[in-house]
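Structures follow.
Consider the two complexes below, in which chain A is the common component and chain B and chain C are the respective partners.
Moving on to the complex of A and B:
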């Protein structure tokens, strides 16, 4: 162990230096400019009055970021999961290939004759010739061939880095082909260099879905309580578990944006009476635009964790305000908790007091703190790859966020009230009276209000900072992604992938919580870490050589 | 599963469906990881680097570290010089590699960044420490495939680093091509057993199969060292395995340092391993030790023991050209019938080689370059086969075709672990492949046969 541990337990409740010192140590190696930039992206938390964090700013070149690109945020995350749209990547082969089944947004066909296109990777496989002479002709031909081959209901086209540079106009190609083939065809200008991360792609995707799909089908939905779940991508079956619970309560989901969802459901989802938002970062644009256009109110929910799930169910019931629903929700909670409680009690015996750190995309670094809390574990540090200040500090900072040069070119849609359809539901009055009684709409308090005082918040964490964090505090588990997983585990710390769930799940809702508790229990109590040292290295000289190895290993 | 796929084959000129290739930079990244103390650097927007690292990590279950220039829209319009310069400053200050190997993406290729100029300027401005090295290769994603990127990285590394001192040493260069760390280890074992002094490049063993010690090493012990890379110019011969992966590097070294090159197939299967051992024998003027003869004999023994299960079994294969050429030859040698062999990598030479190999046993073999798995699948629907071989993406085809026996072979394998632990090259690797093939057939029989037909002995 390092010298710093001689201080005993620090403010984080674990052995190690003070978090302020830790921040110093993380920053000291950096060149001056990098140090200044990174210094703005980390802070000691104050849950009462969250401090300003330098989020959603450009990545420092060469720092080893976890971040991906705008194409990944648009095609990979938001639109890609819609299973009966045929998705064509316009670009060289890589982008389409890497986003082929690598996110676990699960899908099943629900109606006879449907096709799940997510098992396919489709691309224009751009060659040098298209770079030189333009790729519009090939894109048109690819759309024709795709239609001939699969006869889909809709086709979407995604731009990659070179497309913007060579000046292919994918939107005019889509318009022409829509006319020619008579199906819905639309494009997304989600070139990888736009914005500073996946986040730009979310925004571009939201705009495209709103313009090209939402509101196309006005068929009324026969159900008493009709809602949409926004920003839920059904990783490992999460959306199915949420759907199961809501069904038990008698609540009907028209559309989940966009895990396991079909094209028709999205076109029809403006018939709902309420939008609830899971992933605030990726879909808050849609929630706002749907409210402006159709008058559908929204609020934030969290179906990750027991308290979050209960709170979310109760809030939905309170919104509809009918006793029948409020009672039913309590019955469901009681029945589900009867199953969960013994698991929590058992697992807590081993997890109580253990520590975790979370560095995940743009929402789970917050959501999963609930699940760790359920197990009596402490989150000592957390951060997002690409969230904005509102996800850290809460939506009340929105008016104060400055849009910088890197994000300025991401289109903001001008949305107006739909004169005919705005008043289709009776929500406006209900919303008003609820608000008067203290009910929060369009709310998100952000991650930092939930984190303990002086915990470390690190935005767009670098490889170096992650290594330092482990060296200083050796958390019992880290939640992160595939690129970090084996780095962290080589350092003797288990890493739970909170993007792919390590190919398990669901982790949402009640049954998901059980899965997660058992998984974290396994990972934090596995014997493998005790097997690392060979028995012949266990004598005194062996330990000396291990220390030497440690000194050599530090980078 | 794949319910949109019908047996009707329509000609496609523009739409790629389920590619049997990916793009150049991931190959360059893999090759650069085979250099000791080297940080691969992706000069483009950061999504590429994230994707390439993720996919290599999923394949190896190992840390794969690389840096990126993280282009923004501004850099995409005005050029990425500032980004690369800042990156180099940060990389050397924070992560202290011995070397940085820069590759490009479609973005920086389209805007035409002059990488050698940027590197030279960074060096002049003191952003690259005196004792450190930065090399580069151009890897446009719209040309060739991931294999091309591997080849480009290998050739460029030699161009930058290999030198001839004028004195030829009794050392042979071995270019293993794009194979697994376990394969590289096996190639070294065989060369060692033949008694040769060799330099292997690239060498990802002990990089992408590093031990769990509780301590993370950003630059693991493995990888071809700078000294070795320089010294390759003094070797008396290069044996380059896999023409597509290794020929360009071998020719570069020949041109630059007069080291004669012998290009052979990847040593997968019996005859290709024979060619490798023979090339070592001739190069080193040594005799083949008895232990290698015995290894070969054990392989031939298993082929003859199991012949009844291989005879005229029809196989569909997809993957990378160098792998497929050797594997097709091996299947023919054990009595099987390659029926369709598909690669996503462009190049007519591949099609010619496959036709040559199959000329005697199956002149009707379908060999296709610049094609895809969707085409392969449709073809299988029309012409059922007994076995499918290819990377992980083949499992969907295998399942769609009523659990067609399927063997994972090539890159990437995202859903099994054996490939990183055991070689497929050499006689030992061939034994393992035969075991996999027979296991696949026998498992199918044991699962599907009626009770009265289940055999105790096979």
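Moving on to the complex of A and C:
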């Protein structure tokens, strides 16, 4: 730090004010109450002892947020990607329409003749009549019709805002229809006003998947090392790349929740020996519940970034503890790295020392720091959109998180040990012995421990704060989502969408890393921004100057 | 995403909607509010609505789209969102300093019956008339589509901002254009056309710049561009109004009609000017409204378009086409395709407007067989009928692509949303020039297909 200061740069290693000053400037426009609240959601990082951050608190009305709603988190993120469940949105048309293939969770059907239901957006398309007299009848008809037409294995129903308000009981409709049609039918009370963001929807979805799918199929899986990947949504084909690498290592994935996954795989995934968690925020509930019920241990992994991928593979191999697997993993890493290395070396010539900021998701703002570090880039500021304190500060903070009203409204399932199916593969003992040798389970150290000292951590960043950040530090790239992409680019900073990947990807694993390096290299090296100013735009005000234009023409 | 499976033949669902041909009403309203200078759209409801709508508009326009929300929580959904509304508006004013706030309701606030008028009155009292004006439009999606939401917001703007008093002294140099839901390029073209007739235009809305802007030298809290508040307030005093879109004639009182009834500014109605006949009608109205004759440059544009019709007739005559989209767009497209000798076999919209089907039928060129016309349609229904009718070409939004792929026929992309091709903002469809553009797209889609399908693949067609 002192070295950087000596170079005339601030504590972030870039030109600009001190991060404390920057925070002050971001907050000063707010009314008192808003300022106080936003002040709790911003801090200067201390990786040794992470400070408390006011995450997962309500968005202040009128602050333009990138956050979505509970329905988006439940239907849009967690359950939506299961391709052979027929998903029906109960509500007026908007919600169902907007969640129709708008996330890039990719899917392939498993067998010839199957239908990928993700191409359908089924909605009860509630009209005024249902708002006034109730929509249960229409929902029943919709389920019946959908069954008649598609004969799916399962149907799931999602409630939108008006449903809860008019008192439609989707769960009793689902129970009745399950009885009538003889297939699995279940509902999610994920009305948009529940919780403070899509995060509430993740929790609701986890509960529903656990109650209605997990454990339905006890068929043993014939594979030596079998795991589930939790919290991987196969955006741009990430899950496929992870699957490719694990296959090379000889590790079998039963279910990836929820990306490119089938209903049957989820019903069978309690037959795994281990759960590894990618997105801690959206799915830690599931990992915990599966451990309680079936004795399957879990730990956090990160397949985004070279170091993260290597570390994760090695940890999985260590878990199984067999030399054959440990050696195989090293061979795979060596072979893959041989392909990656020349790309990194080439790209680093241009990316070394450049700066990035990341404001996205509930784990991506953390995971992608690994990829930027691989490229020698500095992350000067980061924050999540909908994460909780544990995703920033680490899980050791969990007992100290105050449960607010919004969280209390989301059901916490009471899970008990399954008397017959608990610990069938001695995973409890394996965990115990590994823990004794210092192996971490049920772990997540959070984003802030990995970030440099005094970098800016900003939760649920607003447009105004983003604007300030750009004005003060002008990062070389910002990783964010579609809703702020174009604002950022208007200000001359390239923005990489880390929800949809700008329709590229995959970025996970080794091949994904190569894609990402090339992409960020392209974005941070482009000369297009130089064209913004015409040759005659000489004056500081940015006004076109006729004199300058003439002068230019006469040269 | 990658739909590897074939669509199963869908029967039209009786009760549910499968792949809707409509979006929600607040989206339409938000698009209108984006076309007013310094306006920040504000949705009263759960924040998901604002997020989803922004997401979708951005994927079409590839521009920043900020929409504020009152971010209802569960308590607010039960006890009412008045407090959220007040806080939200205060925050928006402090951060964005909007010149006007466009408030649209959502299914949530409509279902619980929020008293918007009361809340707005409270706001006005609190700011003692000094705050940014608030315009409010009711847009529950359980009664109307994005298209109806759009028109409702235009109406709300004039009703709530234009003084309802009869004007005797008119500004004869200025014409009101209520363009409907068209592209940014179309908006610019309309302004240019009015200019060619020697007048200036007040377009409501005018999102040509806000939704297709330049790079910024400095940060703008609200994208620059749009119709100014002043311009809107003076609409009652302009020479005349030209209101585009067939469906406005079906409304009890459209924005243009309101202006005429309350300020005396005469309103000329016309369909979206796509095709020569509808463009002729539009330019005739423009001549009447401005009192000027058509400039030579436009006569030449018309002439070239007719010439193109002649040249390409051999390629396209008799080809069967199915159209789906917003109601006004489909009506004008139906008129256009039947004029160039295509056979429209199916015209569909997601809206349920009474009288729309009759309007479409009336626009089909004499001698051309009347197509099937389906309102309140969804894509499943549209697809099922297309499988039976076997069109040679589809016209519609990006959402029609899976069907085009299945039927192996070209798709000409028009309407909302277009997120699988570049340049939706710049898609010119209006007037002779826009028709020419659309005509070339259609002819080239036929030629490309013919070439690809031919045994020899000659490059001389």
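Quick notes on this structure:
The definition used in the following text is that the second predicted complex is superposed on the first by the 529 of 555 C-alpha atoms of A that agree within 3 Å, B and C clash if a C-alpha of one lies under 4 Å from a C-alpha of the other, contacts with A are read in each partner's own complex, and residues count from 1 in each chain.
What we mean here is this: a residue touches a chain if its C-beta (ideal position, glycine included) is under 8 Å from a C-beta of that chain, and two chains touch if they have at least 3 such contacts.
Here the structure is a predicted model, which is why all the values come from computation and not from measurement.
For the composite obtained by superposing both complexes on chain A, the positions of chain B and chain C are in clash. By the touch criterion stated above, A:106 is placed in contact with chain C alone, chain B being left untouched. Once the two complexes are overlaid on the shared chain, A:224 sits clear of chain B and of chain C alike.
Judged by the touch definition given at the top, the superposed model places A:118 against chain C, while chain B stays out of reach.
Contacts of A:142 after superposition on the shared chain: both chain B and chain C are touched.
Of the two partner chains placed by superposition, chain B and chain C are both touched by A:68. Touch criterion not met for A:453: it reaches neither chain B nor chain C.
Chain A residues 29-31, 34, 58-72, 88, 91-100, 102, 109, 115-116, 119-128, 130-131, 138, 141-142, 145-146, 149-150, 160-162, 164-166, 191-196, 405-406, 409, 462-464, 467, 482-483, 485-487, 490-492, 529, 532 lie at the interface with chain B in one structure and with chain C in the other. Taken together, the chain A residues at the contact with chain B in this complex read 29-31, 33-34, 58-72, 88, 91-100, 102, 109, 115-117, 119-128, 130-131, 138-142, 144-146, 148-150, 160-162, 164-166, 191-196, 405-406, 409, 462-464, 467, 481-483, 485-487, 489-492, 529, 532-533, 549-550, 553, 555.
Residues 1-4, 10, 12-19, 21-23, 25-26, 41, 44-48, 50-55, 57-58, 61-76, 83-84, 86-91, 93-96, 105-107, 110-111, 140-143, 145, 210, 212-219, 344, 374, 393, 396 of chain B touch chain A in their complex. Contact residues on chain A toward chain C in their complex (touch as defined above): 29-31, 34, 58-72, 88, 91-102, 104-109, 114-116, 118-128, 130-131, 138, 141-142, 145-146, 149-150, 160-162, 164-166, 191-198, 405-406, 409, 462-464, 467, 470-471, 482-487, 490-492, 529, 532, 542.
Per the touch definition, chain C reaches chain A in the complex via residues 1-8, 10-11, 13-20, 22-24, 26-27, 42, 45-56, 58-59, 62-77, 84-85, 87-92, 94-95, 106-108, 110-112, 140-143, 145, 213, 215-221, 380, 402.
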